[in-house]
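Here come two complexes built around subunit A, the first alongside subunit B, the second alongside subunit C.
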Partner chain A sequence: GAGQDVGRSCILVSIAGKNVMLDCGMHMGYNDDRRFPDFSYITQNGRLTDFLDCVIISHFHLDHCGALPYFSEMVGYDGPIYMTHPTKAICPILLEDYRKITVDKKGETNFFTSQMIKDCMKKVVAVHLHQTVQVDEELEIKAYYAGHVLGAAMFQIKVGCESVVYTGDYNMTPDRHLGAAWIDKCRPDLLISESTYATTIRDSKRCRERDFLKKVHETVERGGKVLIPVFALGRAQELCILLETFWERMNLKAPIYFSTGLTEKANHYYKLFITWTNQKIRKTFVQRNMFEFKHIKAFDRAFADNPGPMVVFATPGMLHAGQSLQIFRKWAGNEKNMVIMPGYCVQGTVGHKILSGQRKLEMEGRQILEVKMQVEYMSFSAHADAKGIMQLIRQAEPRSVLLVHGEAKKMEFLKQKIEQEFHVSCYMPANGETTTVLTNPCIPVDISLGLLKRETAIGPLPDAKKPKLMHGTLLMKDNSFRLVSPEQALKELGLAEHQLRFTCRVHIQDPRKEHETGLRVYNHLKGILKDYSVQHLPDGSITVESILIQATAHSEDQGTKVLLVSWTYQDEELGSYLTSLLKKGLPQSTP
Partner chain B sequence: YRDLHTFELQAPTRLIEWARGSRVCVAGYGQSDGNEILQLIPPPTLLTKETQGLCPERDFKVECGGFSERPVYSLKYVPDTSLLVTSGPPDSSLQVWQVSAEDSDVIKSVSPIATENDTGQSWAKIATISARAPWVLHGSRLDRVQITEVESRKNVYTAASGGSEELSGLAFLDCNTLLLCCASGRLCLADVRQPQSLVEGVSVPSAPCSEQWCMGTRHGAQGLEPSSQPVARLSSRGLLTLTDLRKTSEFLALAKARVPSPGSGAEFLCVSWAPALEGCLAISGFDGTVHVYDTQSWDSSGREAEPIFVHKGHAFGGAGGSGDPPLVTVHTWHLQKPRTLLSAASDGSLHVWDWVQPCGKC
Partner chain C sequence: FLQYCLSGHPTLPCNVLKFKSTTIMLDCGLDMTSTLNFLPLPLVQSPRLSKLPGWVLKDGSTFLDKELKECSGHVFVDSVPEFCLPETELLDLSTVDVILISNYHCMMALPYITEYTGFTGTVYATEPTVQIGRLLMEELVNSIERVPKAQSASMWKNKEVQRLLPAPLKDAVEVSMWRKCYTMPEVNAALSKIQLVGYSQKIELFGAVQVTPLSSGYALGSSNWIIQSHYEKVSYVSGSSLLTTHPQPMDQASLKNSDVLILTGLTQIPTANPDGMVGEFCSNLAMTVRNGGNVLVPCYPSGVIYDLLECLYQYIDSAGLSNVPFYFISPVANSSLEFSQIFAEWLCHNKQTKVYLPEPPFPHAELIQTNKLKHYPSIHGDFSNDFKQPCVVFTGHPSLRFGDVVHFMELWGKSSLNTVIFTEPDFSYLDALAPYQPLAMKCVYCPIDTRLNFIQVSKLLKEVQVMNFLLP
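Let's look at the complex of A and B:
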């Protein structure tokens, strides 16, 4: 995604050899191929099924799922697509709605069809919150509540002991109909967080709502009509609850309408997925269904011509077609009326034009529409700000953080803030950039009891706070790792132990006979090495522990004797010590 | 109210400073490390002349930020440079920072301006000006006032010692004239060209119990003789005096504000003149409110004055009832919009409000 723009979210993660695609969004600002993510990053030719282990969709906003049918049916992907139950129910509706407008109204040709949407949804596997789903033997995923819109989830992707958490869009403060995002201390290696509002200090919700209600009230009081174009799902429910409560409190009589069709289904879905809404709604649901409004009725096209004040919620949200545009055209000429845009409008739509200040619009058939009604904008979108992002990081305790945002240079402060407070690395890649995050995978190894007992008996007593160094042989067989003693390893593998023996020659000046030199050496060593067992054998050789020393004559020089010092590999230390000791020479006065 | 916007900062601030391009700066003053200095771009509602109710952008944006190891009690931008200066406990040295918003959004720390630190010195009060060169006037006590040239770090002026009282504020009246206010209420004028002399202003009415004073001077009144603007002094008991610097032997006016007593101390006492309203000033620091007064009707009797507006927003905000009620730490006037103020409180709230003049005056 690109900053505060409604971008196309699509992130590829490679973890322990698995490839996962996170979201598959559409950019609604473009009318050509730029509206879809560029899948050639994965492969230049053909279908993507072999390259991806799964696809995860965080929520139903089109900038996160809009390109899904294009991706699965037109580019080609047959693997599993994971999303939550509400997302699965609502996605196809929004996709179909958007398809209808793009193809039927705008006459585009290179777009997915209704059948493609249906085929795409057949590949979807719905998941529950906090349910661990095994994608295959090694890859598992789990969804967490994200707030933001109905069904939005944050996903944890885990392979072995490496994991990534992707937040999608989330909100850390609860609102009227949804709770706040929550995650446990799952300590992922990487947390990928959206940072749309990271550099914003938001006006309090109360002020926003107060101003919104004030505007609506003022318009209705003077007999005007208020049009609120909304997407079927999302903020519309929030505003409905807000108006309903206000109407009740102020005992207002003007009618509020919610346009039919898509929106009936919307309220139906909210009732269906009641467990996804916030606690207050769930608690009061028994007494009174929050989505069963007393003051809000279903709209009929004919009502638009009724005299007198009214408030109408109509779809679609950017006034680009359909009922909201029809109503707008009817009401635009009267300055007593008002239109309140509750969200972002893509360039090219009527919504965008009037928000930019245009007051004369060209409609079909060259008709000019003069807009005299008041135009207002109100943003109620629910995203986490800097404080919210810090809160989420504190909850999840990731080892590193990745912020998805367009302008890297403007995020340096937040990056430093995260790095300083949590001592983790923070990445901010640009679109198209690859970030590599190093992880320390843990490899579990079984240690044989015998080895453990033996090793702990050697050296200092084990200390719970200090790591203890142990020696053993690592056997890797059939995906299992075991640490055993060398002897056991040899036995299991049917190998014999090699005996390594070193022999070193030390030259000594001594004209006497070998056995006399031998005796000298014996006495010398006996005197020095008091803690060791020094023996003089009948054949003239000397042993120090298991090391053998023999005195032989030099082949050419009578005055020189050669001491052969020989030891096994295990006695390396003592052997080297003896050799250097003997190299220093023998004391002169010995019998 | 005509308008009220409430925001919540991650950490409370005790300063709100205006910067070039309508930017606003706030900073944390908590005891621990990791205080942030934030330069904010206010929402367009504050930048335009008319107030729009619903506006595309209603939020403050963090343009850039810096990390301070010590609490930031005072911050001043150095005009005509990309630097700012901060001060705070434990000593009276100053920290210098570089702001380069186009390149990066981090406010970088540049080397500090050290001062001699005797025991018992508190943090320095600061004022800046760029007349002959970028200067910072600073000091924590009356006998430690000096002007340092920011770029070269040279000391260009040291005030004559008039005593060792703690300062509560200092200001440049123009490029040569300094005004120093002590916590005892004593006001002194100094001329940069005459380092040996210090001129006393009127002292404040003596009080039975000790009270602390702070001052407010009118900034930016163009074309007027700076010393013709009255200086306001506010005490921790709510007394307000207005003094004309040309006639320092008497008060122009004396009034009493209705404030809770005993007061909450003088930590956050703040008095400021409205830049665009004749004779209006605002006070805060006693509780969770900001009072606005019209001083044109005041005389020297010391009577209690009625505020023409009281902003109570901070007292009602936040998680009701938990802990102490919030205390307003600072307030400031909008430089162009005549009746718009910004105020911050100890709970991290930041309010921007526009009040309606009662009785249609002003």
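Let's look at the complex of A and C:
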């Protein structure tokens, strides 16, 4: 799911032999089989538990966790499911709410039950931010703050030195109640990023907020009613804080309601998980808890018919069912009223229809609803915009990027931008498509102790903070790599050693006798190579360490002496250095 | 691998570890037992304290009578109380790369280290540790600063003079190094150097060493630390508990196969079983109140008090104490109670489950709601209007030398109906009471120390299979 689409996020990642499922969401736009991901992609007949090492849920929105009980209890999965503490707390409540709407209101059967939600949540392991969770010996995951909603997290999945980061939904600008997403420079092989607002660059938040308040204020002033469809947790709290402070400042009297049920509970979660909110709220919560609202009261269904202005927050956010849709139908006919859509609406929902300009809606039972009320759209979704997505890529420095959770056309644009700016490959697979990303895995090599001791004995003492060059023979045997000394390698492989020797002739103009030339060379080298053992042998030849130098007269020209420099392959470095040194000639003055 | 021990106090450690060319300070505890040598700081003018006679030497010379006062045969310094810092001479503390904090009690010396030694490194601690540590420091600074003392005694510290003094002053070590309390700006500066970490978070130090905090089960956010290179593993176990109280249980599995295990912060009263002590606490409290007396509980503003309140929550109705007011007085009382409710992730499983409902994890929320527990920043202001007796008062500081507790000792000390119940194990209760003698009030000692005892340690060591074991 979520391939070139928004809804039913569900991504399978195979990394170094481990299979991880990222999110398990439902699709708001469908009521048939298409509302859940197609789990037959994982396996046709075996148990899912055998194929998946773990499942990770990024946050509590239903398009990220709505299919979880279906997946774990009805399809069957018993492995670990990871999510943050707030997600674990809130997720079952939204699932139960979703179940109620589907089963109790729409009368569907063959849907997951309350007990299934409970059983499913028993499989959940809660994780802390930045905690490294060892799923098994090789697979580890780590959560980062994502901002989007309370408890939203990005996850790093790591096996050996290969890693993937999945962002879930995130927000790069702090808002009134949450902080901004943050990740360290973890350089994953692949970054899987949402791209809801791939082409949007939003104007400043302050402007949007002022606009929103102005519209609400104007409508209320002229006696109209304002409907704000929201999801119980997330934007709702953000807008409540905004209106609460505005009402207080302007001393407004019109009532603000919040549709019943979840709200009170929702605000309670915010109070208890206040460590997940932004700096300012965390700092001041002892004096004044921002989630204790003075002006916002619980909504009762009967209030919708009350005369006079009011502002109502009602769920769900896309006007596809429930209370928000009921109120919408009541108020839609009056041009004094206004509906403000504060977030993204999935195709197929009433929200999407009215936003795309449709004013005559076909409701259930072929009834036509004429929309006369004003329709406003204001992006208050806490998703990163194009700028934010680029910013996250800059922070994490991935080797490749994969876009999900967005519309194909917009993704295409962002993909080009990413490839241009970061010179990394960018993918945007559709649902059911597989993308293969090549990585450069690191391969551990064992070094033999003897060789290590021998090599560290040469040159300066080892320093933990500096790299050191070592020589040895790489043996690849039985799927393992070892670095051993050449002698040992020969012995193990049963090979005879071949000596490789380089010999080089250097011509020098020197009329003196051979042994005098030899002596000059010796003195010259002795003077320069102070750290090496330079020896003059009785037979007139010179050795520098194991390199041999002999001076002979040229067969034709007695004034030219030929210096034979000979060294083994192992002394290549010193040998070539000596040749180039001797090629420069000997100093003029003779000792 | 090198270790230096900079603190003489067994439960308030300060060690420095040199490992793989990094220098790591383990904890930063402040020994406050030095304050027991000082006179209490009364919030309200105390005629009794101001009338105490000056101390006169055997030869009759009186040059110290302004600095030293005598009370029931003990001699006290009449000055701003001072603390015994970790040893700062042994090694150059500016070379310390990082400081790892294991719990909020073990960070009280932090401002002295970060602000006065040229320290430029980073401090690592969990969020509850920092938040509650800040509250403890705030309370400390507040309770000392609100009672300005004109004189600062220094004559007695002269080595020649100190020799002539009676015990324990005579035997106090390094009195010249004792320091006055830090200030709030210093606390803020010190805390700003802390980087927050979560349990099981792997933190790389210069690519040479990796450190990881683990749950230690002793207090909110308390942690043990694993310090490891690729092939060696050092475990630092400080202030750990295997008992089930409010914090997340101790993570023992991750300590397995350590090459070295450094163990500090063991219980100081291995014979006192915490459960038994809580029971005794409740029954003594009930008895006193039933007889019309008041109960004073000197305590820190966070930690065991949460457990005590929880016990009382279950106990008061059955004991017929539902009408007795409970007061919690501290400049940080409100913050402490509020903070305790928001660290769900750091709490034991039971409390976590409550948050999922969502309900506050600690029942003191209900005690406050039903007006059974009231909290005040100090005895001044609202408290004096609401104050009803008999009552139970929780307040600091456990040393009985500063804070609101001094006032209640003076107020209630003369009546044998009242009881003071000591629950914090850090101070000897007899020493704490010395400047209040003679005392008619009943004294009960119910120390609650949930840290590891010897039996638990040997069991732990068997389970985690360490190669070397170090008890600094």
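Some points to look at:
Assume the second predicted complex is superposed on the first by the 339 of 591 C-alpha atoms of A that agree within 3 Å, B and C clash if a C-alpha of one lies under 4 Å from a C-alpha of the other, contacts with A are read in each partner's own complex, and residues count from 1 in each chain.
The rule is short, and it goes like this: contacts are C-beta pairs under 8 Å (C-beta built on N, C-alpha and C of every residue); 3 or more make two chains touch, one makes a residue touch a chain.
Please read these numbers as outputs of a predicted model, since none were measured by experiment.
Using the contact criterion defined above for the overlaid structures, shared-chain residue A:N479 touches neither subunit B nor subunit C, since it reaches no partner. Judged by the touch definition given at the top, the superposed model places A:S533 against neither subunit B nor subunit C.
Of the two partner chains placed by the overlay, neither subunit B nor subunit C lies in contact with A:S40. When the shared chain is aligned, subunit B comes close enough to touch A:S379, but subunit C does not. More residues of subunit A are touched by B (comparison of subunit B with subunit C). Once chain A of one complex is fitted onto chain A of the other, the partner contacts of A:A126 are limited to subunit C, with no touch recorded for subunit B. Of the two partner chains placed by the overlay, neither subunit B nor subunit C lies in contact with A:Q499.
Residues common to the contacts of subunit A with subunit B and with subunit C across the two structures: none. Every residue of subunit A that touches subunit B in the complex is listed here, in rising order: 197, 199-204, 206-208, 211-212, 214-215, 340, 355, 376-379, 386-387, 390, 409-413, 416-417, 420-421. Across the interface of their complex, subunit A is touched by residues 20-21, 127, 197-202, 206, 208, 212, 334-335, 338-339, 341-345, 352, 355-356, 358, 360-361 of subunit C. For subunit A in complex with subunit C, the residues that touch the partner chain are 85, 88-89, 92, 126, 128-133, 142, 265, 268-269, 271-275, 285-286, 464-465.
Partner subunit A is touched in their complex by these residues of subunit B: 4-10, 34, 36, 40, 43, 53-56, 58-67, 103-106, 350.
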